[in-house]
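A, B, C and D label the chains in the order they appear, each numbered from 1.
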Amino acid sequence: MKIRFVCSCLVTLFALFVTSGRAQETPTEREAAREMLKKMAELEKSLDAPALVARLTAANPAREQVVARAKELMDKELLALSDDITRHPEIGFVEHRSIKLLMDYLKQHDFEVKAGVGGLETAFVARYKRNNGAPNLGVILEYDALRGTTRAFHGDQHSAQGPVGIAAAVAIAEYLTRTNSPGSVVVFGCPGEEMMPPNAKTVMFEAGVFNGMDVIVRSHSSGATSRPAPGFGTCCMNIDGVKYIFSGAPAHQLQAWNGRNALEAVIHLFVNIDSVRSNIRPEARIQGVITEGGAAPNVVPDRAVADFYIRYPDEVYLRQVRKFVDDAARAAALATQTKVKIEHYGTARDGISVSTLAEVGFAYMKMYGATKIVAEPGRPQGFEETGSVSSAIPGLGFSAHSSNAANHTYEMEADALGEVGHHGFLVDAQAMTALLFDVATHPDYRAAIKREFDTIKTLFGEYQEALKRAYTVPKVSEP
Amino acid sequence: MKIRFVCSCLVTLFALFVTSGRAQETPTEREAAREMLKKMAELEKSLDAPALVARLTAANPAREQVVARAKELMDKELLALSDDITRHPEIGFVEHRSIKLLMDYLKQHDFEVKAGVGGLETAFVARYKRNNGAPNLGVILEYDALRGTTRAFHGDQHSAQGPVGIAAAVAIAEYLTRTNSPGSVVVFGCPGEEMMPPNAKTVMFEAGVFNGMDVIVRSHSSGATSRPAPGFGTCCMNIDGVKYIFSGAPAHQLQAWNGRNALEAVIHLFVNIDSVRSNIRPEARIQGVITEGGAAPNVVPDRAVADFYIRYPDEVYLRQVRKFVDDAARAAALATQTKVKIEHYGTARDGISVSTLAEVGFAYMKMYGATKIVAEPGRPQGFEETGSVSSAIPGLGFSAHSSNAANHTYEMEADALGEVGHHGFLVDAQAMTALLFDVATHPDYRAAIKREFDTIKTLFGEYQEALKRAYTVPKVSEP
Amino acid sequence: MKIRFVCSCLVTLFALFVTSGRAQETPTEREAAREMLKKMAELEKSLDAPALVARLTAANPAREQVVARAKELMDKELLALSDDITRHPEIGFVEHRSIKLLMDYLKQHDFEVKAGVGGLETAFVARYKRNNGAPNLGVILEYDALRGTTRAFHGDQHSAQGPVGIAAAVAIAEYLTRTNSPGSVVVFGCPGEEMMPPNAKTVMFEAGVFNGMDVIVRSHSSGATSRPAPGFGTCCMNIDGVKYIFSGAPAHQLQAWNGRNALEAVIHLFVNIDSVRSNIRPEARIQGVITEGGAAPNVVPDRAVADFYIRYPDEVYLRQVRKFVDDAARAAALATQTKVKIEHYGTARDGISVSTLAEVGFAYMKMYGATKIVAEPGRPQGFEETGSVSSAIPGLGFSAHSSNAANHTYEMEADALGEVGHHGFLVDAQAMTALLFDVATHPDYRAAIKREFDTIKTLFGEYQEALKRAYTVPKVSEP
Amino acid sequence: MKIRFVCSCLVTLFALFVTSGRAQETPTEREAAREMLKKMAELEKSLDAPALVARLTAANPAREQVVARAKELMDKELLALSDDITRHPEIGFVEHRSIKLLMDYLKQHDFEVKAGVGGLETAFVARYKRNNGAPNLGVILEYDALRGTTRAFHGDQHSAQGPVGIAAAVAIAEYLTRTNSPGSVVVFGCPGEEMMPPNAKTVMFEAGVFNGMDVIVRSHSSGATSRPAPGFGTCCMNIDGVKYIFSGAPAHQLQAWNGRNALEAVIHLFVNIDSVRSNIRPEARIQGVITEGGAAPNVVPDRAVADFYIRYPDEVYLRQVRKFVDDAARAAALATQTKVKIEHYGTARDGISVSTLAEVGFAYMKMYGATKIVAEPGRPQGFEETGSVSSAIPGLGFSAHSSNAANHTYEMEADALGEVGHHGFLVDAQAMTALLFDVATHPDYRAAIKREFDTIKTLFGEYQEALKRAYTVPKVSEP
């Protein structure tokens, strides 16, 4: 990851190559999770994912026909569409050209499209017109580019997500209609993943946009072909993105006592945080920048702003960490007689991953020619980065090897137009189609996914309760 | 003043040689006081102190007889008593030997003595047994020594205040009885002037100990013979003495997140204060020390204490300054999740000085041989340092030249035993006696004192109201 | 002064209405200046400015003819030119349109013009082609607009300075030629007064641009008609403008130990300064803003920048204050293992004012109808704000009442186009012409100006030596 | 461990119950140690400690006779001596009574005793008078009590170390003489383990006091019977104990600019450290207290002192951490224009433990009835806490279960006088005697110990070199 481009994205899903399969990073977490991990091991044993994989991925001409249709769409039109979007990058929340292309294509393939969902101009939902009850299959698309120092660019290959997801959605929708099978296909256009606030998928989730989905799939560029272990977790800690906005009173430097200094307040926000770092568990990561630090040296600054990412491996202790930071801001305002507004603008939380989806999807990626295979499962984590969707609805993120460069680089953008990218996108589209085919056609498979997901969700809840008991707050005596 | 001995005294009355006669130190104060100072000038003109001085200090055999009695007591016994106390220094609130000597002497001279007044073990009140109604003449005594690095010592000559005041009190009491004149004499033994908390005279004042006095006198060592101008003010700013006591939670250094660090809190009290220094008027003086800063480096400190003197030329803006410091402490506790107790332990406020007493007393000091005369009146200030007594009851502090050394030095202690000290004490005792004689015997003089004092007190109130209007608090807009 | 527009100007000459005539603001300064002020009083007595004024301003048809020519130029063309520039504001260092108009006008009136002097694109020097030796009369012009929140604007009326100065310059130059008198006229176009760095006039001064001038004049907008007292001083303290640029090492937030945080360094620059505020004399004013405070919260900031104005009433103690601030920056870099670059970008120092120019100029302003007259002279200060020119060459800044609004407001801009502005500019142009006429035609007047200036300059040097002796640095013992 | 008593001990050996057997605590350390740990595993395999234990601890009447003699001494006199010392606690460096008792006993048993070694009054060396060349067997004794809030107390049972070690030393010395075997016995009296500075054993080590020893043994109170794994490490991180002493210049609060504030400096030492906590690896532990924080609030503090423990799991990165803290102090002095003295007063470093001693000693403890056996070896660590002795000379610390209370409690002191303590001390004395017997009588055993120790020492060196390569310092670019 070239940090110069990481300007505002709260989380960079898939970006940090994670070798450890453990979601619990601290002794306290491991202790709290002990019982749940035991039960999860029993669950996984009873689900027997290897046997499931063997059964589902066995030769199946019907499946292969649907997959071939997805490949045909990619080859004929959608890889070209991916290249087009790659060459016309638009940053988050203004992806007007990109969504027009995607929505037009979906309309041409009998989807009914509604833009502006969740109050976001460039978010959309596309429902296949001949949808026919459950199971409900969801496909998430993204399309925003990164902000570079000189131009927007598709250094994270979001440009391909639309075409990949649409290929699978159209192919499986056509299949359901053709075979008169029950089932519905819904495509979710999700803007501005790199641009929050707002956190688009969470906004959409809270607006009920994803309601009713049985399974959701998504693709994303990757430097290797991998899949997560089952469980709950996140790539890079639970995160709160928060802005602290201070206001004071202006005055000329020569009569500064007629003013109240908002810059001193923001400085003391940092100093206050530093003062308690040694009293916060060492796995926390709190870092901020000053985005507004006063206008002119001869005027007492009456406005100053800081922007922070506050991270902890679990969300339970994260709340304690967050309280420290919010208190630091309140204390800074109190000491400087300024006022502070605390603006929570972004959240990343643990998501849930299930082996019933991950192992089957991984097997298909290999079957359709994925390269650079990582043999061991990665750590558990949701299929999208907010945790809001992926802790509520089972799903899988496909990440076939599509670039030899790091995420968020111009090189990864170039790869989106080349052999390695096109090959990876084709793999993603085919594997995604195959998986959706299995979900659509095997009620017992859907039941297994649901059982795994629901059990892990329950265990996740128990884990959080255990953490709440583990993380006591020290008792301070009266002075 | 040799600072090494200034360990705990909140104010060092008479200690800083003040050349300016203005009580208002800042442009804002001078602007606020403009009208009151005009009215005060008119008052003083109408009182015509020079004429009053001429009239009262004219030859008067009756007065001289009383003054001679005071001198006799000094020469025969009380200078020796002063030397005795000088040679047996006792620090504040444990002046048991000293007050026994003083109280015994008073009892022997027909005073009824009550120790432990105001809840202070070494405070006492001595009332002449043949007291006969108004006017009520009060005499304040002090007797505590300073804490030196190696021993207690009378570097501020409080050892002589008892003998001086007693000489005057006994002489005038005997006179009233002998002449069957109306009037009462009360001696107030005030401990621990250098040792607060508590601020003994304020405690006694609030307990009503000084109630009913018409005039109060007191003496104090001095490097020169001077008197204050009439008005309201203080030698060295209005002062709040405050302790900030923080408590946290202990923990081993290796698991510091199980603790809350009270030392970090006290550190951030200082840092918070520093952060607003440029937004406080530059005449403020805020300084503190850390008296408890943690016990062992491998344990999170769960208790820490700081001690501050907070000063401003007037008490109105001082309240704003004080709020900044208290807020700094509250903010430090908030940011570190510790608790703070704010312990206000000492106060010095503007007192009132009147020319009707100051000019007459000054004339008598000169008449009885005072040396090192400062021709111009000093700045207005109360006759005792708390301002509580001296802003409520008219009075005068006598300060004949009694040492060639600075206050709070071993040299000043030595002078208390030598020629320069003995001479000064004699002058003080005689001038004090003469002044009390005039107050006791001239109803019109008492009326003039009262008129001056009451008028200045009213103007002082108006000044404070004007300051309240001048010192607005900057308006901070919502962020 | 509406502070919202005071974005970058280091000093705002004439902007603060100064009532006190004393240049020495602190007791230490007044003590150090005691002897020099005595000698200055003797000097002024011997110069007898009132007599000089009476003699020079007596009726003089030759002078009136020259003054009438200046008025004619104003009425016919130059007030319109002033309006034109007012309506086309250009901010500092890009005043291309403005200087083209001014230079063209000067060329049309026989001035030889050279742009780009001192390495500054929009600085120029215009010399009258028929210049004829000494005396050398200089005229300073400015023309930059202020940066408003929505547009550039002439809220300080610099737009009129060019026309006013040109009217006087042309009128007097024509007179010298016509009468075949000795003397030269040089016009100095000085850009970006509100925009430093760089400080244009100091750059030009150090490049020798002003060399050889006997007297320099200049005009400036004003809310009242005033003149300075003779002496040395400045309107708003001696000032250093300094940028502190820190560099660290970037790293992802998750492995912050691989980075070094430049934002923490800049924060601790502020915190370090605050830590010594109580050990710096209270007349100092140190204030800064953070102009770069990090890019993204998930990356350790590797660059951060602060911008400070550091002020003290005299430049001798200012050096001690400056050392505190520079040390604060070095200490911040040391503690954070970052690097710092200290960039001194602006300077304002005491200038010299002389009664021989100020009183005559003031008399002419009144003679030509100036309104809102301030009877008492203001505090001594240079005729331009850097102190570099005005402490080396005698001169006068004309400031007839030209607006009823505060400096740096849209209202003052509007006044430049209205009655009050036009009237004030006419007064300035006429008074400036009359003063230059007197300088050009009275050798004894020039001698008096030179004697006054040289003597004050010598006394200024003696004052600074006295200050150096007064400001000792406390001795710190070895720990 | 009840932290209220942990007043000054730098390390509390044996005090934290350590469950993990890994000496490398961080991923970086584990990566750096990878190769060395492999070689160490091979070494241990080749040494085959279990076989060695079986061979040595087999029935042996000669050994049992010597062990019985040690038990006899304990039963007859030395347990009583232990009780006596327990009942007369003396804190570090004033253990005059205690060492007199111990030295007298040794003299009575033919030891030649020299007190005051290494410049420490209460340190001593006792050499058996009939010592006879190699092997050289050393026994370390300690005897200092803890400082409680109301009295000194033997809450760490150092009172028993002298009697235990003397029992073994006398028994084995008598045996060597009786059997005319080669070998020498030396007892080292080491004061003030809980009281540093100075760190007595390191001072003695650097003075060459321990030179020539082949093996050193020591006992210590324990809540369980355990032994370390072989390797290099420490119980509680490598530690630097450092004092930072600041001096400034005093001044009265009213003219604070005449002073330089040493308390502000010490405050900013803390603040500076806090500012880089996020740029230091999270396993570091830096904590301090303010032991001198100014004398009086009305005087600028001219002296202030802080005391820090600085810890990191390895000493290589500890040097980087230490540099941060030292720089924080230097920066604080620079910013406040004060001076700082950095006083390094204590050190704890990794020591070496060998299985050839640990496993044999552990087997003997069990054989002689030790209770509360911890089956798994603890993490590798030296037999004494400084690391200076234990990384240079092979040895073993005996820690049979001797109390049911935590270290540093009054309860552990009580246990020293009771059944559990006496039993544990007897076990320690017998096991120590048996081990020394084996070392004295089996040359091949000594060779194995030496081979193990020397190899681990070499690997320790390689590990440190690997760490040096791993811990790069971030490169900071020029601003």
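Just so it is clear, contacts are C-beta pairs under 8 Å (C-beta built on N, C-alpha and C of every residue); 3 or more make two chains touch, one makes a residue touch a chain.
It should be emphasised that the depicted structure is a prediction, and the values quoted were computed from it without experimental measurement.
Trainee: Would you mind telling me which chain pair, A-D or C-D, is linked by more contacting C-beta pairs?
Mentor: By the number of C-beta pairs in contact, the winner is C-D.
Trainee: What is the chain whose Cα centroid lies farthest from the Cα centroid of chain C?
Mentor: Following the centroid criterion, the farthest chain would be D.
Trainee: If you average the CA atoms of chain A and of chain B, how far apart do the two points sit, in angstrom?
Mentor: 70
Trainee: Quick one: report the Å distance separating chain A from chain C, using the average Cα coordinate of each chain.
Mentor: 57
Trainee: So the centre of each chain is just the mean of its C-alpha atoms; given that, what is the distance between chain A and chain D in Å?
Mentor: Chain A and chain D have C-alpha centres separated by 51 Å.
Trainee: Would you kindly tell me how far, in whole Å, the mean C-alpha position of chain D lies from that of chain C?
Mentor: 70
Trainee: For chain A, what residues touch not just one other chain but two or more?
Mentor: 251, 256, 264, 267, 271, 274-275, 278, 282, 285, 287, 300 - these are the residues of chain A that touch more than one other chain.
Trainee: Please categorise the chain-chain contact pattern as a line, ring, star, complete graph or other.
Mentor: complete
Trainee: Any idea which chain A residues touch chain C in the complex?
Mentor: My answer: residues 1, 3, 6-8, 10, 16, 236-237, 241, 250-254, 256, 263-264, 267, 270-271, 274, 285, 287-301, 304, 306-309, 311.
Trainee: Under the touch definition given earlier, write down the residues of chain B that touch chain C in their complex.
Mentor: Residues of chain B touching chain C: 271, 274-275, 277-278, 282-283, 285-287.
Trainee: Report the residues of chain D in contact with chain C in the complex, numbered from low to high.
Mentor: 245-249, 251, 256-261, 264, 267-268, 271-272, 275-276, 278-282, 300, 302-303, 324, 327-328, 330-332, 334-341, 474-479
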